[in-house]
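Mind having a look at this structure? Questions to follow.
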């Protein structure tokens, strides 16, 4: 059964069309990597999944609930979809622990102690137990992104969205974040990742989606995608990023 | 009195009560702006001259003016000018001197920021051409600073125009006083104050729209 | 010019059984009260109006913009006259309200437009991602403002708010025009009664500067207290 399903999604900024008739699905337990050149609309696409960006045409359905329907309780739906951003977006005025407990307390209605226990467990899991009382500005980029993943996991999400989680990181910090993501994938988390990390895709992805100019050009099983991408655009893109 | 009655407002009233006040408010604004920018620029140059015997007195002047309420400054000058020149001076002239010297402090802060916004490299380039400090300032730095700061200078002028109403404290006859006098004469103070507010609003809103357009144009030119 | 100081003027009786010194300090109290009460109104309304200018609703944003333009483009003195002379005569129940309250609203609303401008700028200076991150974890838009955007925006705008809070002390002087017995009115009247303008003005000016300095220190303390560890200028 599909966890995330997109049907004929189109979006315009004014007269400029950023998404053209995009359709795909992510099944329960599946890991899908979305790649493509900058400006191809992949970031917009993933933000449409939990309606951070509005779309004008088409439909997104998460766990049977239509995101764009007028009656949908978006905050409730978003609470069940974890999201990790390119620039981490931890809340700078809150301590690491407060970043992890804010949503649990205010959205899920958990008690402070319960939220804290959960926070400690997740920080342990991403290897940052000692940093709990620090503030985001005192952590390295890689550490901040691991906290951001823990923050999303604290809400017990049914699936996770990653929007270029490693592209703002210094090279030496990329692996510590990817390791956490690989582990998550191996545990069976449903994941949709906008990423250029082809090593990560090779390792854990079930499918790879290639986007260009607002269109989904390729949507293939990992083996097929890396074996013989059918479109010329995808081939060019792959040769560019795999060169080094 | 219940409903507003604007029938007393006609051309005759404008000529009799408002025109002189309006002209004075505009004059006061323009003179204080021109004089204030001139003296303010001078003060800014002194503060940035790097010589403490020039910079410190200029800084003291600017900071003193900026930490005292304008109404008190108006009262101070009205009290002191006759002392200094040895004879009484009308409220209007006193206001013109006060506003010029007072606004100079505010304009000088703007010009200082403007001068500092011009890159150091421009000064080096001027010096490398053999220009003196003051030539570099006059020919190279100040024109750029002035252009960069034009919107801020104009915004300050809008504030200045609003502040001219404070000459009320020494009884000078300005735009607001004109409305007030007219209101008293026709026993229509409510309408008079509302009209005064409307006139100030229209002028200031129009000017701030100009500033907004200027800002976008300067932003594009960069 | 032969001028002789006559500071004893402050010990003279005003004719009402108190000295000018007494009067001056009570006037200082009025200045502080007007400024403090107006400040509360300015912060409350400024925060709400400034926030509304950044929300997705076009209608609310327009209304908030209109508020700012209205209170920013009319001189404070004219606004005070309107609150004092016009509004009570258009709405009778307000005639019972003491002029202190009216002036507080005049100064508070006037300043709220400037505070709103700062709040808007503070919110818009935050990266879009912060809003996204708040919404993505399931916070509602009001919750996102309350827990994510406003706490950071207010920290960012402490310096401009410092100069606004010093302005409000200075601007409270305009209340003299509707006979609020604050420092400037004291200066005018005491000067008239004693003819010792220089001493009176010096003392009053000194009190204004002292107040402004105290407010400045207070706000610097606030800035220190709310500073976020790990951000620019904070000890790590």
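Brief remarks follow.
By letter and in written order, the chains are A, B and C; residue numbering begins at 1 in each of them.
Here is the rule we go by: a residue touches a chain if its C-beta (ideal position, glycine included) is under 8 Å from a C-beta of that chain, and two chains touch if they have at least 3 such contacts.
This structure is a prediction, so every number in the text was calculated from the model and none was measured.
With centres defined by CA atoms alone, the chain at the far end from subunit A is B. Averaging Cα coordinates per chain and for the whole protein, the chain whose average falls nearest the overall one is C. Taking the mean of the C-alpha atoms as each chain's centre, subunit A and subunit B sit 55 Å apart. Mean C-alpha positions place subunit A and subunit C at a centre distance of 46 Å.
Centroids built from CA atoms put subunit C at 22 Å from subunit B. Those residues of subunit C that touch subunit B in the shared complex are 1, 3, 69-70, 72-79, 81-82, 85-86, 89-90, 166, 169-174, 176-177, 184, 187-188, 191, 197-198, 201, 204-205, 208-209, 212-213.
Those residues of subunit C that touch subunit A in the shared complex are 127, 129-130, 132-140, 143, 147-148, 151-152, 155, 228-231, 234, 236. Across the complex, subunit C is touched by residues 1, 67-72, 75-76, 79-80, 83, 158, 162-163, 165-166, 168-169, 176, 180, 189-190, 193-194, 196-197, 200-201, 204-205, 208 of subunit B.
Of all the residues in subunit A, the ones that touch subunit C in their complex are 47, 50, 52, 74-83, 85-87, 89-93, 102-103, 106-108, 134-139, 151-152, 155, 161.
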